[in-house]
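Chain IDs A, B, C and D follow the sequence of writing; residue 1 opens each chain.
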Amino acid sequence: MPNINDIQNEIIEDFSLFDDWMEKYEYIIDMGKSLPLIDEKYKTDDYIIKGCQSKVWLKAEKEGDRVNFYADSDAVITKGIISMLIKVLSGQRPEEIANADLYFIEKIGLKEHLSPTRSNGLVSMIKQMKYYGLGMESKIVN
Amino acid sequence: MPAILKENSAIKFRAVREARGDFPILSTQMNGRPLVFLDSAASSQKPQFVIDAIDKYYREQNANVHRGVYSLSQLATDLFEQSREKVRAFINGQYSREVIFVRGATEGINLVAQSYGRKFFKPGGTIILSQLEHHSNIVPWQMIAEEKGLEIKVIPINKEGELQLDTFEQMLSEKVQMVAVNHISNALGTVNPVKEIVEMAHRFDVPVLIDGAQATLHGSIDVQEIGADFYVFSGHKMFGPTGIGVLWGKEELLNKMPPWHGGGEMIKTVSFEKTTFNELPFKFEAGTPNICGSIGLGAAVDYFSQFDPKEVVAYEKELLAYCTSGLEEVGGIRFVGTAKNKTSVVSFLLEGTHPYDVGIILDKLGIAVRTGHHCTQPLMDHYGIPGTIRASMAMYNNKEDIDRLIEGVRRAKMMLG
Amino acid sequence: MPAILKENSAIKFRAVREARGDFPILSTQMNGRPLVFLDSAASSQKPQFVIDAIDKYYREQNANVHRGVYSLSQLATDLFEQSREKVRAFINGQYSREVIFVRGATEGINLVAQSYGRKFFKPGGTIILSQLEHHSNIVPWQMIAEEKGLEIKVIPINKEGELQLDTFEQMLSEKVQMVAVNHISNALGTVNPVKEIVEMAHRFDVPVLIDGAQATLHGSIDVQEIGADFYVFSGHKMFGPTGIGVLWGKEELLNKMPPWHGGGEMIKTVSFEKTTFNELPFKFEAGTPNICGSIGLGAAVDYFSQFDPKEVVAYEKELLAYCTSGLEEVGGIRFVGTAKNKTSVVSFLLEGTHPYDVGIILDKLGIAVRTGHHCTQPLMDHYGIPGTIRASMAMYNNKEDIDRLIEGVRRAKMMLG
Amino acid sequence: MPNINDIQNEIIEDFSLFDDWMEKYEYIIDMGKSLPLIDEKYKTDDYIIKGCQSKVWLKAEKEGDRVNFYADSDAVITKGIISMLIKVLSGQRPEEIANADLYFIEKIGLKEHLSPTRSNGLVSMIKQMKYYGLGMESKIVN
């Protein structure tokens, strides 16, 4: 399994091919559309992280010394970004998740989606993923 | 006809099409493209005229009001009280002391709910709201209803988003202690028959609060003609500054209500043994008011009076029709709120997409629309949707703005479809 | 030491004497003479820096906050939340979510009295205020005390206008449910030993609200060092705009308090059946906030950080001493408030004259002072006087201002004597 | 007894002699100092009109078809202005008092003292005098 920064760098490289925001967003939307990221049965209030604008569902499972994440959103752009976050963090070791510096988001020009004031649920989702990394199961609903 | 119109009938109005040039922000860019601002229902932009009034205030006129004997303080006080009078004329209230400056519509509603409600609401009574209300005209009533043991009933809407007055009529009884509905729905643009509603409620001696937050952007109001007991609105939604709004109420009712916030300005005498309260409007204006905000709001009223309200309404109707038919041509559009009488607000969904995704793509194209529940969750729940995309227009918008919107929606449809 | 100072320790400060030129209003005239503004305790003047921030906001950045996905709304939201963080740093609070934006000190005190008081005050308990308080820190407590059946007790002062801490100590008991005192007296300038007061109250687990309305003009504050539970102040008294102020409170307490105003922004979900409230700070910020006001306050904080707080204090002390000795030389002056530790406020009477008459004559000479009871009637009653003449100075004043004042008082003495 | 406007014109003429505000105010202050305008025993709460800045006491007495006014203030400039108001209105017929247009105040440059926001009690006092003129005894306390 490649480590967190390897995966981040790979995503950054992928994005460097795009000429403008359109191509970039088309790619994100494609990712959002293609991936089944979570079993429908988990899309319940137990797993929800509520943004004002879009909903996010997140489930974490421990497998040996690794944490796997499953997530979804009702908005496809949010879902596309989620799929990248899962690519980067899922299957990694808890400490690494907790300490991860997710620089790829800024590098690929999506920082705005993760502003604490964006209220799409993503900031809370990352917080939640890191909590899982710390072995804390407390659920933050935003 | 509001007094302000009568007074201005001799004035030569400016053409509405000139308005756009008065708003500096409309010449800026967003994401590298000329800004198309279609979120005026959330907050309007400000004309240079209002910005100048604010600037002048801080550069030349600033001092605390009602306190100093020195000329600067007198000047600030005069400007502040003149703004109150301008607002009175704008809504055609009877006395300027019926105009209470608050932070915005929300605070105005809270004031009435807390002050009137705590004194006059009786356990077991009913408060009537409508399915169309903004959270600001729901939550304050829920809070006082819970405290005092009242029940909230809701005027239903038809699928066009119009209030069902026949049901409302059946809901009325002596048990009802307040009716609170908006003049214009922020989420759908429906213009409600507030005069009828007031008449119906008054047959049972029930007081009526009208939430006019969305009404004042489209021209002056006549509270006496409407006949309401309370009318609230926000300055920032009518070309004025943030942090200022108005509660207008009938003097008789306001006089009977206890003060709400305590502090400087709202007292006559204070001792630790006995404090006596000031008269209207000061009784309800504790502490230093938003002086500059009030003066800015007065300037917004003056700005309005440069235009013919009839022309404003006609122009906005034209934009509404143009936008609606343009979106229809895109295809796959579901309009939410199709009342016969509506303002320049278009709420819609693009089939198979989430409003948030559409909003993001429009943003990249320099187009500001609002997506989400518009602080009307009960209304969205009623329609079974998470929210809508809402384009709301003011007199500073033009057809090119709408063209850009339509083109943007097409693009979003292509990208997301 | 407040964080803001630590962060700035490497910065080269501007000289305090440069400040005056930053305030456009100080170059205007009043009654045909260059304005001498000595009423900063009522409301401070605004530097161009703050005026520019307001102007820029309305010209380039205005949109409603926390709502839109479009960039302009994101920008406004970021600026608004950055201001909250600036304020946190300025008062050295722990978390920016402890900073609640309100209209001013008065609203902040009402919020605590109503929200905390209604939930936690128990009949038969006591609220301790002081003889020095402004009406805004008296009336809200009287209102809740009457509603809930509490008694108000008053910390006495000595003839210099200093709080009697030994009496305060005796007043404390388990029955006390709140202590609310000002940091600095607006009428006399007395700087109160707030840290000691908090320590004493906390021995009995009594929460303390500090009314900092007069403190923030003289530099940054350290709420953690003071140890208070609540701290309130007004933007307009610290070079910021009108209509904005801050309630800072300890997170733990704010979390336990019920919301006060209901409406948009302060909710998580709304239905007619069940509404859930948002987290701090939004729980207490119902409706559209004073966005531009908050951003202007943030700019005022930035403005402050250009100067060395130690130099500000020293400079103001110099003005105070100069003013006091100048007035002494006039003769026939009775100083009201002669605390050892006081800010640049001089309250006085001119023998055989009424403060109003002196105020009128000074006004004609272009000098703005405040006359009257300064919203501290109980304090004036204590001294058995109808009011005082008060000259209050800020860092933008200079010795020429004081010279003009002294000359004006001489003239008034001559004319009235 | 000269009528209201005659007296007003006389005051305006007196004031036209002054070169600057100083002389004018010295004159007003002198008037405020010299005249005993009301019996001390009426300076009670029953006769008070409370301004935020200065207090005013006012008493009216009917004498035949005329109304006489007695008044005072704790501030001498206010009292000086009162003495002019009494000069103009006291001893006149009720209807004339009620209908009086007090233009002299503006003409002699004292308008600012009668701004409704001045809170020196003078506006309320004039209102009160006119009420007396209308035969109404209701007391306005401001």
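Methods note: contacts are C-beta pairs under 8 Å (C-beta built on N, C-alpha and C of every residue); 3 or more make two chains touch, one makes a residue touch a chain.
The shown structure was predicted, so the numbers you read here are calculated from the model rather than taken from an experiment.
Asker: Just curious, how far off is subunit B from subunit A if you go by their C-alpha centres, in Å?
Answerer: So the centroids are 39 Å from each other.
Asker: Indicate the whole-number Å distance between the mean C-alpha point of subunit A and the mean C-alpha point of subunit D.
Answerer: That pair's centroid distance is 78 Å.
Asker: Just how far, in Å, is the C-alpha centre of subunit D from the one of subunit B?
Answerer: From the centre of subunit B to the centre of subunit D is 45 Å.
Asker: Give the residues of subunit C that touch two or more other chains, as numbers and ranges in rising order.
Answerer: Those would be 31, 67, 69, 71, 356, 359-360, 371-372.
Asker: For subunit A, what residues touch not just one other chain but two or more?
Answerer: Where subunit A meets two or more other chains at a single residue, that happens at 52-53, 120.
Asker: Which of line, ring, star, complete or other matches the graph of chains that touch?
Answerer: Graph shape here is other: it fits none of the named patterns.
Asker: Each pair of chains that touch: what are they?
Answerer: A-B, A-C, B-C, B-D, C-D
Asker: Which residues of subunit C touch subunit A once you look at their complex with the stated criterion?
Answerer: Touch residues, subunit C against subunit A: 65-67, 69, 71, 74, 77-78, 81, 268.
Asker: Which residues of subunit D touch subunit B in the complex?
Answerer: 50, 52-53, 112, 115-120
Asker: In their complex, what parts of subunit B are in touch with subunit C?
Answerer: Going through subunit B, the ones touching subunit C are 24-25, 28, 30-31, 35, 37, 39, 42-43, 45-46, 50-51, 54-55, 58-64, 67-73, 103-107, 109-110, 113, 129, 134-136, 138-143, 152, 154, 234, 236, 241-244, 259, 261-264, 266-267, 269-272, 275, 286-293, 356, 359-360, 362-363, 367-372, 375, 377-378, 381.
Asker: Help me check something: in the complex, which residues belonging to subunit C touch subunit D?
Answerer: 31, 353-357, 359-361, 364, 371-373, 386-387, 415-416
Asker: Along subunit A, where are the residues that touch subunit B in the complex?
Answerer: Within the complex, subunit A touches subunit B at residues 21-22, 25-26, 29, 52-55, 74-78, 120.
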